[in-house]
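Both of the next two complexes hold chain A, though its partner changes from chain B to chain C.
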Partner chain A sequence: MKIRSPRYHRETPQRYRLEAAKTKSGDVYFPPRVYYPGGQTAEPFKMSDTGTVLTFTVIHTPPPEYSDLAPYALGIVELDGGGRITTQIVDVDPAEVKIGMRVKVEFRKIRTEGSEGLLCYGYKVVPE
Partner chain B sequence: MREVAVVGVGMHKWGELWETSIRDMFVMAARNAMNDAGVDNIDSMYIGCMSGGLFAAQEHLASMLADYLGVLPAAAARVETACASAGLAVRMGWMEVASGISDIVLVGGVEKMTDITGDEATFALSTAADTEYEGYSGVTFPGLYAMMANAHMAKYGTTLEQLSQVSVKNHANGALNPEAQYPFPVSLETVMNSTKVAEPLRLLHCSPITDGAAAVILCPVELAKTKFKDHPLVVITGSGHATDTIALHSRADFTTIKAAEVAAKKAYAMAGVGPADIDFAEVHDCFTIAEIMVTEAIGFFEPGQGGPACERGETARDGSKPINTSGGLKSKGHPVGATGAAQIIEITRQLRGEAGKRQLKNPRRGLAQNMGGSGGSSLVHILEVR
Partner chain C sequence: MPDVGIVGYGAKIPRYRIKAESIALTWGADAENYKKGLQLKEKSVPALDQDTITLAVEAAKYALKRAGIDGSKIGAAYVGSESHPYAVKPTGTILSEAIGATPECHTADFEFACKAGSEAMYVVYAQVKAELIEYGLGIGADTSQGAPGDALEYSASAGAAAYVFGTKDIIAKVDYTYAFMTDTPDFWRREHEHYPQHAGRFTGEPAYFKHTLGAANGIMKKAGMTADDFDFAVFHQPNGKFPMAAGKRLGFPREKVETGWLVPWLGNTYSGASPLGLSAVLDVAKPGNRILMVSFGSGAGSDAFIFTVTDRILEVQDKAPKTRKQLDENKIYLDYGRYAKFRGKILRNS
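Coming up: the complex of A and B.
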């Protein structure tokens, strides 16, 4: 599907810099929201680049734009200090990935989009 | 609020229907339902469809399907909550009849999934997750349920054999359903050795890509008692609907489907019954781990006991809680926007005693649970025969 660049551009604070928001009660929202449950106020919060794998899978049948990467490990990572991301787990044999594994966020190319070949970047994690 | 009866049900043989269009599939199912009820017109209709646009390049189904069904100028609406769209259609029609606004309402769903390639279908389905914060990572729907499976296995010791037994059981049921897409049994070995899709899930732990439609006719119970006397009276006694976060990673616990739990509690409260009072159920086994998690969420089994219960045969047709006698999404097929209505059809047929070779012995009360995305939405309906 053809996706125009404004859509990609507006997510860059999150994809490049893990910019989130933290409410007074300490809940981390990623991405930041227009409104927080209960009408709480929230301050900008940059998430940590280290964390722990909560659960994972190894994708053998990927979406079209990821077909050259398969099989790849992918998991839900809880970052130290709060906030969670769904992300590929790379630079490791997928068979070695485990729940509880410590990981570090790195800035990587994610995919090439559309006939114009827009290069899209973002976060992946590697073993710490 | 008026009590609402199911007086007509209809579907058609599901599968890869390359010769049949989205409009023709829907009309086949809807006319079967209208013939089953014995009505030649309707006051209004609600059609579940996850993505007519991405799958079949056709939006505005309300107008097209009312036109081809021959019911113009009846009110019609297409409703959407991903794979729970037809469950939502049932609820919308139930509300319209219960409120007194309409008497004869058709509810159903349709999805035409094989007009595009498998890759494109994978993408279309992935839009039921958070496109920017889940899909962008390269996760697929099998991948999201695989992550739930790994979490469930780590927390409760659920095994790959248990995940596979769900598929074996549902195929054994579907083998007795002439409308199923894959009406044949599979062995445990075949399931466990099938192609890897998203570990630990393999191909035969996953529901297929399916073309299909399903439709149900609703009316007030009082009208059913006088006008629709050809079938035993089946009544919707409970309806529940709930949502949860669209992103799996935002949930406190990956091993339960909270939206199904809440929707079930609402439906039980309305019907004045509990899990122990339900004789059988159709649940949303888009992946076999989903059936295990849902049977726990709706209170049939304690958390972590869904897998062992299936392994012991408790969810088989001759077990204490038969689940997915139709074959479920796994064997019957999963045209995503139609599934929720097909669940109501199976419950109705079982309650009427019209389920053929897969008929249960005198069931009185059944439950249908339909789910959108990775559990971001769920509908639960309870039906009784009187």
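Coming up: the complex of A and C.
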């Protein structure tokens, strides 16, 4: 499946730099929204590049474009200072991934559109 | 005119490795020839989701951390590599976007075989010195390829090193620069070819040694210095033997070269090679230390720098992962089959 350039481009602040939004009550929204619950306003918030694995699963039968990576761990990571991301957990044997494991965000290639299309980059996490 | 120098530095080495034995076993070669002759024991291998851009971004983030500045302060970002992922689309735009340097940033991708990283440093230094920018990033990064079974397959590896240059809070002042270059056909890769060609033994004396020694002697003459005036020397390291031989011929005792000599365990990271060697030296350098760095790129040429380390080095060394630690710890070894898959060497229908 090919991704359209405008969509990929639109998402780079989040995929490249983890740009989120934080409300006055301290809730972190990633990606930022147009409207927030209760009519709150939010300020731009750069999320941290370290965190903890909140939960994960191991993918053995991935979509075709991720088949070379299987088996891989896919998890939800709670970042230090607020915010959660759904991400691959790489540079580790999936059997060694644990809930509560400390991880660090790294810039990685997320997908490749064959030999002609875009190279799509973004975040993944690795053991800290 | 204020002093110009390195304000922050960062290194990134992938976790994956392959041993010389695994490559030799596949091709019926004698691993000891490479381990003893060329002093190549193992090399780094990029993960399936790592390339020149991702390694450069991680090294740049560490460099910014040590510099203590935000990416938006970077006025120029140059990436030197012979493995830019796109044929047409800059590595530098993706890197600059990832570190938050856009839109007020000048960028260009450099290519000069293994010298492209020091070229990026050279140009960024000149831009800061000309007061065109406050801070700039010069990066050497590669995921180099050696043809299956070729001698290059034992050395071609992956890694990146990034340097922030500026005038404030310098950790290593640039005292002198020097460039030495001729048209020498020792190594090349034509467009659309997967692997480079090299001229065998011609890559030694007329190429590596002529330019490396030419640049080292040239800069020392310019500075009025000899090997005795330096605490460390870093040379381009296509294998373990060449940089040690270059150091010996220039009068450097082995211990002054060993700190930045990573190639026996890292392989040749091409554009990242001498910049990564310099990062390993800065990791342990003390205030007042003087460092000679000489790159080499086939085609062929060398850039030389003389740095003097400042007191601030001690404040930044522990702010990001050190080079030797990345090299020595948390390694994941691959067999040749997985290595071939990681490097796209297995023929498949698309």
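Rule of thumb we're sticking to: the second predicted complex is superposed on the first by the 125 of 128 C-alpha atoms of A that agree within 3 Å, B and C clash if a C-alpha of one lies under 4 Å from a C-alpha of the other, contacts with A are read in each partner's own complex, and residues count from 1 in each chain.
As a convention for this text, a residue touches a chain if its C-beta (ideal position, glycine included) is under 8 Å from a C-beta of that chain, and two chains touch if they have at least 3 such contacts.
Just so we're clear, the structure is a prediction, and the values are computed from it rather than from any experiment.
S.K.: So, A:I110: does it touch chain B (first), chain C (second), both, or neither?
M.R.: A:I110: touches chain B and chain C.
S.K.: Scan A:P32 for contacts with chain B and chain C and give back first, second, both or neither.
M.R.: In the superposition, A:P32 touches no partner, neither chain B nor chain C.
S.K.: Check whether A:H60 is in contact with chain B, with chain C, with both or with neither, and answer first, second, both or neither.
M.R.: A:H60 sits against chain B, while chain C stays out of touch.
S.K.: Answer with first, second, both or neither: which of chain B and chain C does A:G81 touch in the superposed model?
M.R.: So A:G81 meets neither chain B nor chain C here.
S.K.: Contacts for A:L119 in the overlay, against chain B (first) and chain C (second): which applies, first, second, both or neither?
M.R.: second
S.K.: Quick check for you: in the superposed arrangement, does A:L69 touch first (chain B), second (chain C), both or neither?
M.R.: After superposing on A, A:L69 lies in contact with both chain B and chain C.
S.K.: Let me test your reading of the model: by the given contact rule, A:V90 touches which partner, first (chain B), second (chain C), both or neither?
M.R.: Second partner only, chain C.
S.K.: In this superposition, which partner touches a larger number of chain A residues, chain B or chain C?
M.R.: Of chain B and chain C, B contacts more residues of chain A.
S.K.: With the touch criterion stated at the top, can you tell me which chain A residues are shared between the chain B interface and the chain C interface?
M.R.: Comparing the two interfaces on chain A, one with chain B and one with chain C, the shared residues are 69, 110.
S.K.: In the complex, go through chain B and note every residue touching chain A.
M.R.: Where chain B meets chain A, its residues are 119-120, 122-123, 126, 132-140, 142-143, 146-148, 150-151, 154, 195-201, 247-250, 254.
S.K.: Across the complex, what residues on chain A touch chain C?
M.R.: So the residues of chain A touching chain C come out as 12, 16-17, 49, 68-69, 90-91, 106-110, 114-115, 119, 121, 124, 127.
S.K.: Residue numbers of chain C touching chain A in their complex, please.
M.R.: 15, 47-51, 53-54, 57-58, 61, 85-86, 94, 97-98, 100, 330, 332, 341, 350
S.K.: Under the stated contact criterion, what part of chain A meets chain B in this complex?
M.R.: That would be residues 1, 11, 14-15, 30-31, 54-64, 66-67, 69, 71-72, 74-76, 84-88, 94, 99, 110-111, 120, 122 of chain A.
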